[in-house]
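See structure below.
Which chain is which? They are A, B, C, D and E, in the order written, and residues in each are numbered from 1.
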Amino acid sequence: MSLPVNTHSAPQRLAFNEPGWLDTLAAWLLALLWMLPLLYAVWTAFHPAEFATRLELAAPLTLDNFRRAWLAAPFARYFFNTTLLVAMILAAQLLLATLAAYAFARYHFRGRNLAFALVLVQLMVMPDILLVENYKTMATVGLIDSLPAIGLPYFASAFAIFLLRQTFMSIPKELDDAARVEGASALQTLWRVYVPLAKPVYTAFALVSVSFHWNNFLWPLIVTNSVNARPLTVGLQIFSSVDQGIDWSIITAATLLSSAPLLIAFLLFQRQFVQSFMRAGIK
Amino acid sequence: MLLPALVLLLAFTHWPIVSTLVDSFFSTPKGARASVWVGLDNYAVMVADPVFWKAMRNNLWFAGVTIPLSISLALVMALWVNERMLGRAFLRMAYFTPTVLPMIAVANIWLFFYTPQYGLLEQISAALGLPSHNWLGSPSTALGAVTLVAVWKEAGFFMIFYLAALQSQNPSLREAAAIEGASRWTFFWRVQWPLLMPTTVFVLVNAFINGFRMVDHLFVLTRGGPDNASTLLLFYLYEVGFSFWDTAYAAAITVVLVSILVGMALLQFFVLDRKVHYQ
Amino acid sequence: QTPVEVQFFYPVAVGGPITKTIDDFAAAFTKEHPAIKVTPIYAGSYQESIVKALTAHKSGTPPVTSVLLSTDMFTLIDEDAVVPFDNFVKTPQDKAWLGSFYPAFMQNSQAGGKTWGIPFQRSTVVMYWNKDLFKQAGLDPHQAPATWAELKAAATKLTQKDASGKVSTWGVQIPSSGFPYWLFQTLSTTNGALLANEAGTAVKFDDPKVIEALQYWVDLGKAGIHPPGVVEWGTTPKDFFEKKAAIIFTTTGNLTNIKKNAKFDFGVGMIPGNVRKGSPTGGGNFYIFKKSSPAQQQAAFEFIQWITQPERAAQWSIDTGYVAVSQAAYNTPSLKAYGKDFPAALVARDQLPASVAELSTHDNQRVTKALNDGLQAALTGNKSPAQAMKEAQMEADRILRAYK
Amino acid sequence: MSAIELVGVSKSWGSSTALEAINLRIEQGTFCVLLGPSGCGKSSTLRIMAGLESASTGRVLMDGRDITQVSPAQRGMAMVFQNYALFPHLSVADNITFGLSVRKTPAAEITRRLKETAALLGLSSLLARRPSQLSGGQQQRVALGRALVAQAKVCLMDEPLSNLDAQLRQDMRRELRDIQRQLGLTVVYVTHDQSEAMSMADQVVLLNRGRIEQVGTPRDLYTQPASTFAARFVGTPPMNLLTLEQGRIAGSEIAIPLDAAILGVRPEAIHLHPGGLPAVVQSLEYLGADLLLHCHIGNQSLRVRLDGQHHAAAGDQVRLHWSPAEAHGFDSAGQRIHTHHSPASTPS
Amino acid sequence: MSAIELVGVSKSWGSSTALEAINLRIEQGTFCVLLGPSGCGKSSTLRIMAGLESASTGRVLMDGRDITQVSPAQRGMAMVFQNYALFPHLSVADNITFGLSVRKTPAAEITRRLKETAALLGLSSLLARRPSQLSGGQQQRVALGRALVAQAKVCLMDEPLSNLDAQLRQDMRRELRDIQRQLGLTVVYVTHDQSEAMSMADQVVLLNRGRIEQVGTPRDLYTQPASTFAARFVGTPPMNLLTLEQGRIAGSEIAIPLDAAILGVRPEAIHLHPGGLPAVVQSLEYLGADLLLHCHIGNQSLRVRLDGQHHAAAGDQVRLHWSPAEAHGFDSAGQRIHTHHSPASTPS
């Protein structure tokens, strides 16, 4: 630890609070390493195929890979499916979890602990693991190859219930009392007091949920057969199926295309994202 | 209020768990042949199935490496970006980015990194004059290669949790420790780390679940090969269930997977949780 | 009146704009037959397509028809998923059509006296070689190695190393991911072994001739003239373009792709023989699914008939490199002209007489996985060829016991 | 007729009893303070009045009507919570009108009442802010606004000033009292701060361990504490309580002409006087206006409040004197012995 | 020699200045209180002494040695943080001995000192508990223990009592003072509570907007406030400040024989006297021992502290009197005018 030499300079904290230059260097190296796949993808996607495996600074830029990728598979449809899917799942999760969490947080009823334990089971055993049985269920109810089939098993999210319950419990009971004294019903109180107060948690959860389901692969792979219901990930995998011989340029272009919405959203909102995580107290 | 959520949970979590267990005692129906009670036959097949054991061993190795590695990296990242460091916002973003990228998509990029002869690793090792290596094509490195991808994917996600926890720690603890003469290192080991324990448990549980759930990249990178060197339980389950259509055997494998996860849940509930909460 | 909708899954396992070709066919057919609407759905690799199709079948909503590996026949029959074509073959013309396909392709299309699959996207494995590299190595660029011994000798000369002793070009490259058993059949067949019986109920992986063939493959690697470990099917054409491999084995279905992308003069040849010449046939057949309505099945049948007509088959062959499925197709003016101009396009067909059926058994996915695992184990040096094949045999026997 | 009446109200939590058969009348338009130490049952009493908690036994009457079973929303009482319980996500305006909008009051009416209330409380310029952007005093006024806007006749307040700093608390006390008088509200006000109770109340209800210890005006409580508990609880510094043993101050030879077990004298009633009782100064506390002496007589200690201009040092010998009228007697159970006349007003 | 000396210390945060060239000497073994309103720079001053913040300009000396560049760990000062900053995962014992074990003190020595400190602070029976299992006062003592066990000569405390309830705060003040005297510590103590400063300090440093307003003993500050700021900040209720216009109380015809712009009189210095100045009672505050009258003279308002036994009502006419010695004069800039003799001790 070294101390700042010049105390007459602009105010600054003392050394015990500062990371050393070695830390900074290491942190940056690791960051570059972590970015490498993305950097490579950007490089390849924006250059002609000949440069996919060669890094030459003089390589010309092109958008042709994106054009080719876009035409090679029904990406527009995939985007539509994924967007719809993610929105549907998120809406259902938020609605169901809000109601359930409120019941767990503020009502005392018989079997509450048992019910909560049942919810917690799903934290561990996620629907992905139970794909064989869930597939059978979907087949029985005739939902295979539809967006609801992809979404249904995730509609009731134990994680969301757990998180919201924690949050609701941490909301001062007095706010609930105040709302009741002011004449609000239980649902009014939930909607006008609890939900707005849990906003950071909703944001954090929404981001986790959206990125999880935008990226989810195995279950959609199994329950979808056709373009009608196929989400981006499955479309991308079929598109880049290694058997065809790998055209890195077009695959990276497609990869960037399909992750762009999340990536851009994250870049734009990364501050809020990290903060809402912190405020949500997910820890 | 609780009903809709509970019904869905019952339908897609609890019922499948029970019916998986039941199915694992029956044979697979095929075409005209209906399924019949076979007792423990499916488990006997499992015990004798070298691929299952290979998948199990691989999965334990995969989890055993991914969990500590991604968690310790996450911790280091969080400690870094928690401090006032040059380009902190960029660093946070860089570490976190893998989390938002679809695994199935980035696996294609990693495939390029690992490709023999002209892949990135090859180009780097060539530049350094190292011998070339077929990373995904050799049994000795295939599993390691897919594990590395998992670590890359997970660390940033866990970092966020650590970061959130660090930020909620009382900043005067650091000052108090400084006054008491503690170095940064002492402060970390004696104050920050113990206080992060609940987060570590949370992250640990998540890492554990992911250790048995993350198989997307296998579809692109190795498909479990070569010679099952990189196959994992869930991937094998997928193959048995949807490639071989042996649903009864798949049920038995599911039962094993569920038992592992539930076992972990109980361990966490009864052991870890007790020890780490201070408030 | 709404047209009958025919959903149709198809796979792609080679490079090039296959999807577009198929879409064009479907559009053309629908234009000619307004009462039928054919919707092609690209379903991924062969592996993924069979999974999709069977999944769909199990959930009660299969596609009406699909192109799937010819080798999936037994599996599809066992799952009671498909109907035989004999049901639809009524008129003499139909009968003539059914008889028009190359017999080699029908080996994997018929069982129990019925026809379950109609050849469409069919292939054999052929050998591609880089004439420039041949010249550099002092070999005759017009003369491909014709025997195992010649192949090994040529590959030895073709293997190039850079200053640091690292191999920059491999003499020969035979892919071993995806469907290693199929490429292995080029070696087992030429060594005089057949891997399975016709009924698909027994295999002979531990035949000494099979082990010997595997030993040859392993030895190519040990000699340092074939890349070590498992070689990707998908990147093999790219390796060829990049001159990382001088000779490759791959499907004739990649021909058009290679023709377009190779920036050098290349040759296409039959698989080098040992005790005999030979190569497995490969590729996909049309199947009609049981759970679709009779009207849909009939419509699918019409489509399949239409698309396998000589002109279409010729067009398909030119667009992709796959073998046109009937002799008549090779008599069409377009394919004749193409073949004259580009003789390489005929090699696969000329290889047909020596060809054998692709490995196909009941519970095909599992049996082939057993063999694939064994092959990979041997190629990566984890097991000796003999041990690997013995274990694969045991596993296959266990799986097939139920079908004896 | 009294605005609120509790009849035999008790409350238990499982096996522990928070309130024991409370009987209490609060007259319309008065400012009634529930005073007592932490855990004595003040909040419980208030919450039972509000309907937020149900009484284990007993009845709650409002204007003579039994409302024991009526839900909080329908009692039409307003309440100000200890930490204000402002909705942090709503603006000041929305906080104030929350109840009106929940009750579907017409928009024009809401606007009108909001304007009036904001004007009354001097909040007009702050209506768009969030609670977090307000000072403690402003927050307090918003909470008050929310309670007032409904124009409820009864307003319940649970330690509304306890989070404010000294200066602000001082100002708010006055403001609250003014508003209560102006609007003729019945206010039930909970606090554990005796000086707050003294300076604000019409009627003080002193609670101790779930029982009512004393009810009366501030002056009653100060000048005629009904028990040693009341004597010790009201006043800073509190009344000195000296144990008497056989008519003498314990540990000394000083006889006290009082037939009691405990003698109470307020610190400000004690003066330095050459003819007083001898005592020793243990320590001092300088408070500017006052100087507090901590003295010993026998083995009893007592505090003496002197003018701040006095000088003294630890160890000094002093002589203390108080008039007999200032001596309070308590029996060994701590109950007041009513033998002495008092210069204060008679009990109500 | 002074234990701590600040020489021309200033501190800015970006463009805003928290401290402006502070010069301050704190003598060894004294109890020095930094007093001032929120944001005046108390914590900044303390943190600069501790080395937790670096001064923008100026030097910090300790026993004459320049320690401006020395790290907090090496200054050998102890510090008690406002929120205690106890390590929540460590037991009381481990919290107290944290510094000793970090500094590799021998185990036997640690045990011995822990025992002593715990005994001194009455923590002996709590050593195995976690901070979360302690009451606020106990936590405060642990924080103190952690600071004392190191046997540092200088102990810095940042509002250590602000989280405690009134009773506990009262007790802790005395306890702290006792310990400081007993161990001969130099204590620098930050508070914004003037009564705390008055009752504890040897020396009070009154800060206002980053400057030192006045330095002196509590009595100095109370009896000789150097400015209207000091006059208003010290004392409850604070000194009345009446604006004079041409020698008269503003808005009245009452002449005051004082050559000043502002007249200051403490509420307790005013008495009812038939010959006094006429005033009108606006409102009253009954506090038991005292009765506060809020009165008007002209357009100026002032508070009068009377004995609690007085009766009065709003609207009463009263006559107020104070001795000339109790009148403080300030110029229009708010600075004290030293014309009057004072009965208090001479400034130090």
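Keep in mind that, in the parts below, a contact is a pair of C-beta atoms (placed from the backbone, for glycine too) under 8 Å apart; a residue touches a chain by one contact, two chains touch by 3 or more.
Remember, it's a predicted structure, so these values are computed and weren't measured experimentally.
The minimum number of touch steps linking subunit A to subunit D comes to 1. Greatest centre-to-centre distance from subunit E is found for C, with centres as Cα means.
Ranked by how close its C-alpha mean sits to the mean of all protein C-alpha atoms, the top chain is A.
Ranking A-C and A-B by contacting C-beta pairs places A-B first.
Spacing of subunit B relative to subunit D, judged by their CA centroids, is 60 angstrom.
The centroid of the Cα atoms in subunit C and the matching centroid in subunit D are 93 Å apart. The centroid of the Cα atoms in subunit A and the matching centroid in subunit B are 16 Å apart. Separating the centre of subunit D from that of subunit E, both taken as means of CA atoms, is a distance of 28 Å. Under the contact definition stated at the top, the residues of subunit A that touch 2 or more other chains are 1, 13, 16, 53, 135, 222, 237, 242, 246. Counting partner chains per residue, subunit E has residues 52, 71-73 touching two or more of them.
Counting partner chains per residue, subunit C has residues 47, 55, 58, 177, 232, 235, 242 touching two or more of them. Residue ranges of subunit A in contact with subunit B, taken from their complex: 1, 13, 16-19, 23-24, 26-28, 30-32, 34-38, 40-41, 44, 52-53, 96-97, 99-100, 102-104, 115, 118-137, 152-153, 155-156, 158, 161, 211, 214-215, 217-218, 221-222, 232-233, 236-237, 240, 242, 246, 248, 251-252, 254-255, 258-259, 262-263, 266-267, 270-271, 274, 277-278, 280-283. Of all residues in subunit A, only 53, 72-73, 135, 138-139, 142, 144-145, 222-223, 225-227, 237-238, 241-247 touch subunit C in the complex they form. Partner subunit B is touched in their complex by these residues of subunit E: 50, 52, 71-74, 77-79, 81-83, 85, 87-89, 98-99, 102-103, 130, 132, 146, 150. Those residues of subunit C lying in contact with subunit B across their complex are 47, 50-51, 54-55, 58, 78-80, 164, 166-168, 176-177, 227-232, 235, 239, 242, 244, 363, 365-366, 369, 372-374, 376-377, 379-380, 382. Looking at the complex, you find that subunit D touches subunit E at residues 166, 170, 173-174, 193-195, 198-199, 218-219, 222, 234-236, 266-268, 283, 285-290, 305, 307-309, 343-344.
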